[in-house]
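By written order: A, B, C and D. Residues from 1 in each chain.
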Amino acid sequence: MAGLEDLYREIILDHYRTPRNRGELDAPAVSAEGHNPLCGDEIRIFVDVRDGIVTDVRFNGSGCSISQSSASMMTSAIKGKPVAQVKAIVKKFKSMMTVDEDESPVDESLNLGDLEALQGVVKFPVRIKCATLGWNTLLDALTAAGQ
Amino acid sequence: MAGLEDLYREIILDHYRTPRNRGELDAPAVSAEGHNPLCGDEIRIFVDVRDGIVTDVRFNGSGCSISQSSASMMTSAIKGKPVAQVKAIVKKFKSMMTVDEDESPVDESLNLGDLEALQGVVKFPVRIKCATLGWNTLLDALTAAGQ
Amino acid sequence: MSLDVAAIRKDFPVLHRLVNDKPLVYLDSANTSQKPQAVIDALSNFMSHGYAPINRSAYQLAAEATDLFEGTRSALAKFINAPKAHEVIFTKNATEALNLVILSWGRANLNAGDTVLLTHMEHHANIVPWHMLVAERGIQLRWIPLTHDGQLDLSNLDSLLQDVKVFSFTAMSNVLGTINPVQQLCAAAHKAGALAIVDACQSVPHQPTDVQAWGADFVAFSSHKMCGPSGVGVLWGRESLLEALPPFLGGGNMIADVRLDGFTTAELPAKFEAGTPAIAEVIALGAAVKYLDGLGMANIRRHEIELSTYVLNSLTERFGNDITIHGPTNPELRGATFSFAFRGIHPHDLSQVLDQANVCVRAGHHCAKPLMRILGANATARASFYLYNTQQEADMLADALDSASDIF
Amino acid sequence: MSLDVAAIRKDFPVLHRLVNDKPLVYLDSANTSQKPQAVIDALSNFMSHGYAPINRSAYQLAAEATDLFEGTRSALAKFINAPKAHEVIFTKNATEALNLVILSWGRANLNAGDTVLLTHMEHHANIVPWHMLVAERGIQLRWIPLTHDGQLDLSNLDSLLQDVKVFSFTAMSNVLGTINPVQQLCAAAHKAGALAIVDACQSVPHQPTDVQAWGADFVAFSSHKMCGPSGVGVLWGRESLLEALPPFLGGGNMIADVRLDGFTTAELPAKFEAGTPAIAEVIALGAAVKYLDGLGMANIRRHEIELSTYVLNSLTERFGNDITIHGPTNPELRGATFSFAFRGIHPHDLSQVLDQANVCVRAGHHCAKPLMRILGANATARASFYLYNTQQEADMLADALDSASDIF
């Protein structure tokens, strides 16, 4: 069995204690809400998309260290990136979490940076839903933004 | 385990091969229909009740040797008897079959005669429903006759 | 490859039980099948060493149980060639699976005057829920009649399908043994714009299943007829249809959110799995799937065709006009399930006499009373064979039948 | 008589499992309980030597199986002091039992504007089916609020019950541990002319049950929480109410007759048991009832009061304001189920850390999201104790909690 140090890496706890991009965005930004039906965690993601670029992104809600830090790292990773690249990052991340469902190829050249720290979550299958909560909600928010 | 000779007593097979009171009765007699939902057996009992006496009774339908012979013996046992006595016989018979549900006392002095041959059915619990099909239907017919 | 039935029989402990010093001849597998040691062991090992809730708790024991449970879902999806594991929904039996799709889909989509097409050989589980919708919503039922040898009379299929919203039918009759042309029937249903629901209770345990090749929309079957534990049924449905289907039972696990003023549903498959499921039984069903897969469903089917050929030939040779066997005479067109009438002896009496020789057959209407009326009987005796049955057991059935005449 | 917990622990094989060389501390019995050897043996013995269909077939093996199956029904009736065995209906879980009575009774008897009274501490299984009726039939829901220590606030009960058609409530909260005054609540419901439905999932496994003393109309609970197998639930109802209740699922076994144009229902209990039931599991549930009866439900209750006293005292002493335990502080008013918040650590993280010490607790909303919102939490950690748990295990929980602070 995997030890806790695989799960609670320092960078994860850092994002949990000091979340980046926490907050809300006013219109014209749009938002989406996500639930983890298993544990009750809730998250809301706000995105501001202009000319095909995610110019700003925020999150709020409450949840465990994994869901919160994953959302925080996600916002850092996508802010300022073109939507197409954001989607590629989402895909790569979900693939790392073993929950990438659509069949198109993953962009192997993408570097997930700090997000790689979440790799260890895969050894704790119940927590995968925690790690991906913000990401699925981001996809909903992008849809709401017409992307 | 009980042997078949306990079930298929000669008198039972006799009533099966040569059923008594098989047929129908015209109005003002009334009838009721019964089903054994487990095996599909069907029976119809006709009773003619005058001045509190079951002056005539008939049965038809189709079923196994136990349901048919039990109905045949039943008609022989109750024909010409006052309704109160008929009900006492039904009660005694159901008690012998271990399915008497209401709490009033059974008339131990009653002699069931040939019907005693059906005692062996109790050792074959699945067949109890066969043996009692006609009897429960008789009760429905008596109710239909306002008794 | 042909089945090594002697070896298979060793896997089923109940077949070694002597009743009154005689071996058990179990010919009631269309009703419910016996269980191999691998399934019994899976159940008791899990209950002894791994029992835990699934989905809800984060600790290792619970995560392991969840993996095993979801493992059965994936194995079943492969077993019936479903495109996605989450299209496989666990219910308590095939009856619940059929009620789920019939009542949920029907209440959401059927209105007064809408027509549903059934067949005269359906099991009550594929009739009574429709009757409920007749009473609730005023729909109409139409029926495909049978040919003299117990096959569907498809001569007017296209006109029977006209304006039909749903065509719901059995893949194999539990009374006649008839195997229906499922692929053709689904194609005809879809051509007519109807939904195709397949009651696969009697076919999944006995032959390879490919829901995609069938082209079906929903398929229902039961664990207990395919060597698995009692208490589990399966509904498979196309993802898009399941997503559009309203939930059937409300409660834990099937929700995304619940507030005082309403709820939202979870994603597939949880949406249709309210409450604590049959955790251990689903896991043991995985062992049954593995067992059947190991033997090969095509081999099982071949064994049953050989057995059917033998049963049909030997009983007819031995008893001639004393026996009437219902259903198709061509073993390729039927499963090894034989309803029959014998020398005018009532089926209930017949099964009682057979039981003296430990030959277990079912007597009754087999939950198909409309079909019984069409056959002109209240009941039939039914001997149904499975992977563990032998030609020798068919002979024991025949010997026991012969002895019934001593009494009646 | 007090329980010999050391002897009881020997009966549960999973408690001897070492995970990573450490013993299992199973504190998730409110979710689902572990199984004693007697239940595992009943299941595997029946499947190995006695498996057969029930009700339908006449041969001896089937008759024996039917007797065993009906034996559980009678034993359960005695266990909950039901007047008649046929008032005991087997379902797949308590969720189905609740859906059966809520949806069948509701669809037949409730109309737009009718009011149903629930409580803020209900499980989703006693909320979502009502939401379904809100959507389907336009009924209204009213809620009993809670006091600060997690009891029902009954100060306005009579006015809350005014014009109420059904009062449906839990006998014991699966989150707070609160034991409700069921007898008083049923009496109040009846005085107001309302039906009383009791969700007894959390109470039947832990204390003596007397449905007649309660004066309830319907009572639902699950086998898997009372040492029995998964895949079985129970609905008890008063005979006259069950007779008036329309059937819920249609199919085999629940019919008296089926024709092409309609059906009639079977008598109780078959009317509500469509399809092949969880034959082996119901039979093994009989072994669970016997096991619990042998120990004595009053003794189990006493053991849990002692354990609760210890847990409440020791955790509060050790952690002071670092721990918030929800629900009543008086052990007589509660079961041994403790939801708590600890040092601001998210319950999911907490349960993960506890799992490193093999301490199994559940983290989440416990299928009671409305209650969670009232508690101001998304989730709690919950440790729930049962007849096999010890004070020593409560200490192991405390030790493991302490170590959680090393990480967060």
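Quick notes on this structure:
Definition applied: a residue touches a chain if its C-beta (ideal position, glycine included) is under 8 Å from a C-beta of that chain, and two chains touch if they have at least 3 such contacts.
Computed from a prediction, not measured in an experiment: that's the story for all the values here.
When you average the Cα atoms of each chain and compare centres, the chain farthest from chain C turns out to be A.
The distance from the centre of chain B to the centre of chain D, with each centre set as the mean of the Cα atoms, comes to 44 Å. Taking each chain's centre as the mean of its C-alpha atoms, chain C lies 31 Å from chain D.
The mean-CA centres of chain A and chain B are about 75 angstrom from one another, to the nearest whole unit. Chain centres here are Cα averages; for chain B and chain C they lie 37 Å apart. Chain A has residues 1, 38-39, 124, 127 in contact with two or more other chains. Among all residues of chain D, those that touch two or more other chains are 19, 56-58, 60, 62, 255, 257, 348, 352, 363-364, 369.
With chains as nodes and touching pairs as edges, the resulting graph is of another kind, matching none of line, ring, star or complete.
Under the contact rule defined at the top, the touching pairs of chains are A-C, A-D, B-C, B-D, C-D.
In the complex of the two chains, the chain D residues touching chain B come out as 55-58, 60, 62-63, 66-67, 255-257, 266, 270. Residues 19-20, 346-349, 352-353, 356, 363-365, 369, 372, 377-379, 407-408 of chain C are the ones that touch chain B when the two sit in their complex.
Remark: chain A residues 1, 35, 37-39, 124-127 touch chain C in the complex.
Across the interface of their complex, chain C is touched by residues 13-14, 17, 19, 24, 26, 28, 31-32, 34-35, 37, 39-40, 43-44, 47-53, 56-62, 91-96, 98-99, 123-125, 127-129, 131-132, 134-135, 141, 143, 222, 224, 229-233, 247, 249-255, 257-260, 262-263, 274-281, 348, 351-352, 354-355, 358-364, 367, 369-370, 373 of chain D. Considering their complex, residues 1, 3-4, 7-8, 13, 38-42, 62-66, 124, 127, 130 of chain B touch chain C.
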